[in-house]
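Shared between the two complexes below is subunit A, which has subunit B as its partner in the first and subunit C in the second.
Then we have the complex of A and B:
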């Protein structure tokens, strides 16, 4: 009886073992990418890795440009977007340095900030605003907040590009007013987008205290953009 | 046998804590020996759902644990700094409003700042003031040269200068004042944080004033200087008077006058440095102003002195005599450096 049972058991075992054993033993590296993707990114082509990161950055930019209450920016933060924006803005906004060798007093630079100054204002500003939010008791993590603040500079960068294009034409008061309006609109957009993401992390009696530094941060960046009139 | 006896004792003890307490009081010497006493100790480790009679003992041990934890957080933790930001929007607004309007009857410190001095208000007021002064200064110089021949160039380095000046005023003067009060043994016991708070909020009146300074009427600008200095200086003086009034009369008055003078010279210094291109003959000078204000070497001025010397060259040297003599008496070192260099022939 034990033999019969064991034989039956063995038969059942073979039948049971056939299917899963095939799956596990035969193909560790075959195209089961759908299941193995999270664990096997070393084997994928580099292009895929880069595209995945670029896609994440692009999605975040999209969320900033059309801000609605979504957690995508917050959950997976990255600092690529802010870095790209900051470097781009600092390159565009830097004034030319004066030429110390020439004695001609007319061409001594245009008083704009140096690259390093814009860079420092951007990052130190973001850090200070984030520290302020955290000190007031916000429940958002440090890098998440910097990520949001950096990505929300995107509308202001768009405004900078537009202003630069406008600056190609000879200047007049009307064009200045147009530039001014564009920068103000971008400033409002940036502040609105960032408050949509960050405001919920504060208790309600301190919301204004947390939003004011964000407002000031974007205001300073807007002022840098609108003061930039150098056209060389 | 003995164990059975002891168990019975404990069993009774579990029901009647009063007996247990008396048991604990009487035979202290037998504490270690008697297993029963050791048993009663374990009572206190029971969770709070134990009988209500035991809550006293349980609470006492909890208190002992809590006392060691409720000391103020260490200087190196984040929570230490969070206690300085424990304000609400309304409180900050009240404090700003209170710092602008001197009222002799109520002490601003007592009513609005104690017991909760904060650093949020002063820090962001100073930062805002830095940027409004720099921006308004640029706008003022733009408006003053509008219509002239050359193109206006904006001066970003006003920001760095303004930041240095304002933040050092906000920190150095309270430090000096606190040191002085501590040295003289002032009875009012103002902490350093409270003095920082008072000074920070007293700068808040200069924010709207710096925006109004853009309007290019010299008399209006000077009136604004006076109004701002008097009002916020008044609040400062009234608030700080209780700290020095116990001292000798001479010292007290000297300190008060110095405080007021420093505050006023800050305002005057801002006005003269940032907003000084009103007169039309400046146009020839301001055409060289952007030239001189640029640093040929490093992006950041390496020292405050170099900053002032070169930047001051751009300011109006046609100071009316009375301000020059008044500023000679100013005790603020910063101004001394500025106006010394303007004595050189330009």
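Then we have the complex of A and C:
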């Protein structure tokens, strides 16, 4: 019995020896670059690495501003773009801190949200919308969805910059209406852009269910932008 | 090689069973064991054997406890941390959501058959988020200089606390009163009931009558009443016994209707107070005080 077992064991061992223990460790980008370039990225100057990443981020912003049915955002996702947009928006949207030297204790500056509040609203909102998309049966990974949602805030950021420029002039009802229209247009643009990217990942009859929370998310961000009347 | 062959099948069982024998065997059977358990000896051989045994024992026990703990944690995480637990509650179609939203305004008379209570979380969750968004919209429409950050946090907290808190309270009461309704069904029911609140707040903000609340009370009675009657009908059809039915229906009706009143008046009040305070421009008052002080001091001198 022992001999039979040892013979079987030896046979298994030969099978083990036939398994190739060499090969290439393929990374997701190996399709575009050769094996030699993977080693060269360690030797290249830092400027090249940074410029390559910035170029990738820039290409994604371009895809968002001119949305077509493309897979660029989904295939190579990154979170740099959403982080840049979120930090920029939070810095622009934060109100002045409460003025302690004022005689009236109820005077709290212009009442805008703090940096941390905008940051939390952005990321928690993106996480909630992503969870909802996944629960509805979408075949998209968690970070891909957050990447798309973050990048599609770009039109709203452009609207924020335009509103900030408009706010330099003295305010009137007409300027408020102009700001309102600009923000609404950016809101529609953002929602349409995110729909163009996320639509394929949902079953066709449930697209409306997945789009509605995205609509609400951008609505809240648009509300934050419209209500920002920074008085410097 | 023989050792590896021996330990290989036991490693496959590692996730299910920890065999005390294996733990000891691994220590003794490995080719690469360095005896780390033996610390620097004093040189005295007296108690060193006992200490050695004790150290090995504590090490083995610690490792055992650690392995058991990590495996239990992994099993618990795979059981409860899995997002797929919630997946069946999001399995809806858009037309179903639309139908259920409309039916939340159409109460049915409680008869002997149980009324349909849905086990769904997508629709109620979207209704709660819409309610939060409408509350923010209402605050913004009322005045343009309010603390957005604090009000957003408050809106979020209030809506979710109401939804989950009332569901918990109703679940406890239905347990006491022996009603045939589960917690998920209560969450769905209350969530869809908030659709009435959404409609009232939306209409109340768009058609703004600041000093006369009659229009709001009309909306409150109509939409609030319809959604309350719908929820009460569902609960009554699933409860037996007069006093139990009375307790459940009065509780849910009271909380539901009072919440709508709270949403309208509390936020309205905050906004009106803040706008009154901010519009009065307190900076102007300060020089007057300074002048008064100066005149008084001059008068004294």
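What we mean here is this: the second predicted complex is superposed on the first by the 191 of 232 C-alpha atoms of A that agree within 3 Å, B and C clash if a C-alpha of one lies under 4 Å from a C-alpha of the other, contacts with A are read in each partner's own complex, and residues count from 1 in each chain.
To be clear about the criterion, contacts are C-beta pairs under 8 Å (C-beta built on N, C-alpha and C of every residue); 3 or more make two chains touch, one makes a residue touch a chain.
These numbers were taken from a predicted model, which means no experiment stands behind them.
Enquirer: Return fit or clash for subunit B versus subunit C, each positioned on subunit A through the superposition.
Expert: Pair status: clash.
Enquirer: By the touch definition at the top of the document, which applies to A:205: first (subunit B), second (subunit C), both, or neither?
Expert: So A:205 meets both subunit B and subunit C here.
Enquirer: Using the superposition on chain A described above, determine whether A:213 touches subunit B (first), subunit C (second), both, or neither.
Expert: Both partners, subunit B and subunit C.
Enquirer: Regarding the shared-chain residue A:172, is it in contact with subunit B (first), subunit C (second), both, or neither?
Expert: Touch status of A:172: no partner.
Enquirer: If we overlay the two complexes on their shared chain A, which of subunit B and subunit C does A:223 touch? Say first, second, both or neither.
Expert: Once the two structures are laid over each other on A, A:223 reaches both partners.
Enquirer: Contact-wise, after the overlay, does A:135 reach subunit B, subunit C, both or neither (first, second, both, neither)?
Expert: Both subunit B and subunit C are touched by A:135.
Enquirer: Of the candidate stretches 9-17, 27-35, 63-71 or 117-125, which in subunit B collides with subunit C after aligning the structures?
Expert: 117-125
Enquirer: By the touch definition above, which subunit A residues appear in both interfaces, subunit B in one complex and subunit C in the other?
Expert: 95, 106, 108, 110-114, 117, 132, 134-137, 205-206, 208-209, 212-213, 216, 219-220, 223-224, 227, 229
Enquirer: Going by the contact rule set out above, which residues of subunit B touch subunit A in the complex?
Expert: 78, 81-82, 84-85, 87-90, 92, 120, 124, 127-128, 131, 135, 138, 151, 153-157, 288, 290-291, 293-297, 299-300
Enquirer: Would you tell me which residues of subunit A are touching subunit B in their complex?
Expert: 95, 97-98, 100, 105-106, 108-114, 116-117, 132, 134-137, 205-209, 212-213, 216, 219-220, 223-224, 227, 229
Enquirer: Where on subunit C is subunit A touching in the complex?
Expert: 5, 83, 86-87, 90-94, 97, 122, 125-126, 129-130, 133, 136-137, 140, 144-149, 152-153, 274, 277-278, 282-283, 285-286, 289
Enquirer: For a test of understanding, state which residues of subunit A touch subunit C in their complex under the given definition.
Expert: 9, 95, 102-104, 106-108, 110-114, 117-118, 121, 131-132, 134-137, 205-206, 208-209, 212-213, 216, 219-220, 223-224, 226-227, 229
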